[in-house]
Amino acid sequence: MQIDTGLEKLKEIDGRAGEVVHERIQKISPFMADYLVGSFGEICSIPDIDNKTREIAVIGACTALGYAIPQLKVHIHAGLNVGLTRDEIIAIINTMTLYAGFPATLNALYAAEEVFAEEGL
Amino acid sequence: MQIDTGLEKLKEIDGRAGEVVHERIQKISPFMADYLVGSFGEICSIPDIDNKTREIAVIGACTALGYAIPQLKVHIHAGLNVGLTRDEIIAIINTMTLYAGFPATLNALYAAEEVFAEEGL
Amino acid sequence: MQIDTGLEKLKEIDGRAGEVVHERIQKISPFMADYLVGSFGEICSIPDIDNKTREIAVIGACTALGYAIPQLKVHIHAGLNVGLTRDEIIAIINTMTLYAGFPATLNALYAAEEVFAEEGL
Amino acid sequence: MQIDTGLEKLKEIDGRAGEVVHERIQKISPFMADYLVGSFGEICSIPDIDNKTREIAVIGACTALGYAIPQLKVHIHAGLNVGLTRDEIIAIINTMTLYAGFPATLNALYAAEEVFAEEGL
Amino acid sequence: MQIDTGLEKLKEIDGRAGEVVHERIQKISPFMADYLVGSFGEICSIPDIDNKTREIAVIGACTALGYAIPQLKVHIHAGLNVGLTRDEIIAIINTMTLYAGFPATLNALYAAEEVFAEEGL
Amino acid sequence: MQIDTGLEKLKEIDGRAGEVVHERIQKISPFMADYLVGSFGEICSIPDIDNKTREIAVIGACTALGYAIPQLKVHIHAGLNVGLTRDEIIAIINTMTLYAGFPATLNALYAAEEVFAEEGL
């Protein structure tokens, strides 16, 4: 497990939002805290795509899943950290209406609104 | 409804795979054929993201949904059309294990394998 | 369990398509065959909605779920049996683009096309 | 895009609950506010089914999706607006246990309870 | 419908958490309260698996569904009632990362944390 | 990554069905083949639950997801390998009607029927 790489990547990409998740899971299940960070490290070490590409796909997927709102919020923070703009993130979420419908999209926009407010955008 | 823009974008982005869907739906429901193309035209006219960004998000989302295999295949064709490489597409799909688990990811890889074979990759 | 009511309702509403499911499940799990028919009998005995209303909701739901294609096909047969027209069924499925996106809707239209062909519509 | 038709239909069918969504989305993404209303206008202009039939299917689908609770609440208001009774709406939701299980159904009943309380039913 | 068996099983397996659900549903839809308990009675009377096996499968499934958090909490209480330990329940939930990804798993761990706190674990 | 442990566990638990998946993925994405086996090794090394408990939860979850039919089939093979009987597996799948409805359950029973035929059961 790439725990060191994972922790670095978590800090670099997800910033404080990622650390908060890690600390919370650490208290419930230390195994899962390590496994989460190790798996994240593995996936983030795939050389074929950069952080921006990865976050674009993840924001799309977490929107489409419908129930992954807390994780979508972490990855909207992450998207901003790796250089996506507010307008790009909204455009990615809006695109999801075609693939997952309005309920998933609107709930994702409400989550985005909260993150943008937290980030002062 | 942006039907003309939609048809142009469908040809430009999804290529022959998109036209096949449009022709098939035309026979079942002419309303839906127009509505699909019009909606696609609207979403593809959002100026904030380019075709590549959009396809990255859509490949991620269609993988995560699990049941959207025919549409994933259209968008793997589309991804190749707009400049994504085979390795980038595989990396996007592989990233989804973190967000949607192995069943969704493996089924998407099987679909990708078929598309790459069709494209001679 | 309302097994007798269920069997009657299954014949009345789902017709031959329902009996085929029942016979197939009977061979895999006799418990499930009875439980399926009994539960169907209970739900179909709710006096507040008629068969048509029930099938409208079920066709919407099986479309939106995305993976329930074999069951959607049974209920398109059922919808026709209780008086829905081909055009009404297509309109119900098309409505689902707003709530579940195009992949779920298009896959449902493909299923509907098969059922209409089987029914000679 | 049928924005004028959409706004009329939104007022007629979803009433105040629909306007609240539109106003909220307007602030996050003006594109999405227009696109939502335009798409809604297109789908509500399908002549083959009436408002009541459409809301029956949408209440079924939003129940089955499991995560579409805010949208289910809007459409329970809408169902009441177009003439569905409290008992009919509960029967539609209860039918979903067969297709999506008890978790989706019970969470939908909790949402219905809130809407009925808001409407004084 | 096995309502008496169901009520006994509900008390035995789900304890107070199950009764609270039953009482709440009783007020919204007496039909559903009976149907829920009767169906639960039927499924819990399958002789081939014991309560522990059933709860293991249900905790896995409610985690994987992503949106079934209130029901997951009832079944974590139930799991503890039928002899699963805190560590076993966490291990079952953690296993779900492979099949449903981290969002579903992390949200389930947050729910488990709340239940363990309520149970003083 | 616990690749050696993972390969051993894959052979021990999933048998030939697991090796077939591994070989197929190896050809599409060597990264994913390693990552799959490594992650499987990590999760199977959690000491708190045994193979049987894990497979019970996985069969429940793959049934409930609805779209994970190929993976469900691998895990029905795995369940038989670790000592679950045909009747126990059917009972686990049947239990899912309560949590994910009949479409997911019936499609899982059809998959189980195929696996039992392959295994001569």
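First chain written, first letter: the chains are A, B, C, D, E and F, and each begins at residue 1.
Going forward, a residue touches a chain if its C-beta (ideal position, glycine included) is under 8 Å from a C-beta of that chain, and two chains touch if they have at least 3 such contacts.
Given the structure is predicted, the values throughout are model-derived calculations rather than measurements.
The minimum number of touch steps separating chain A from chain E is 1. Chains that touch both chain B and chain F are the following: A, C, D, E.
Interface comparison, D-E versus A-F: the pair with the greater number of contacting C-beta pairs is D-E. Look at the contact of chain A with chain C and you find the same residues on each copy: over half of the numbers used there are shared. On a Cα centroid basis, the chain most remote from chain A in this structure is C. Relative to chain F, the chain whose mean Cα position lies farthest away is D. Chain C and chain E have centres, each the mean of its CA atoms, that are 28 Å apart.
Between chain A and chain B the centroid-to-centroid distance comes to 22 Å (mean Cα coordinates, whole Å). Averaging Cα coordinates per chain places chain D and chain F 38 Å apart.
Across the assembly, chain A contributes residues 31, 35, 39, 43, 46, 62, 64-68, 71, 90, 94, 96-100, 102-104 that each touch 2 or more other chains. If you sketch which chains touch which, every chain touches every other chain without exception. Interface residues of chain F, counted against chain D in their complex, comprise 64, 96-104. Residue ranges of chain B in contact with chain F, taken from their complex: 66-67, 90, 94, 97, 102-107, 109-110, 112-113. Across the interface of their complex, chain E is touched by residues 1-2, 31, 35, 38-39, 42-43, 46 of chain C.
Residues 39-40, 43, 46, 48-49, 53-54, 56-65, 68, 71, 85, 87-88, 90-92, 94-100 of chain A are the ones touching chain B in the complex. Chain contact summary for the complex, chain B toward chain C: residues 21, 24-25, 27-29, 31-32, 35-36, 39, 62, 65-68, 70-71.
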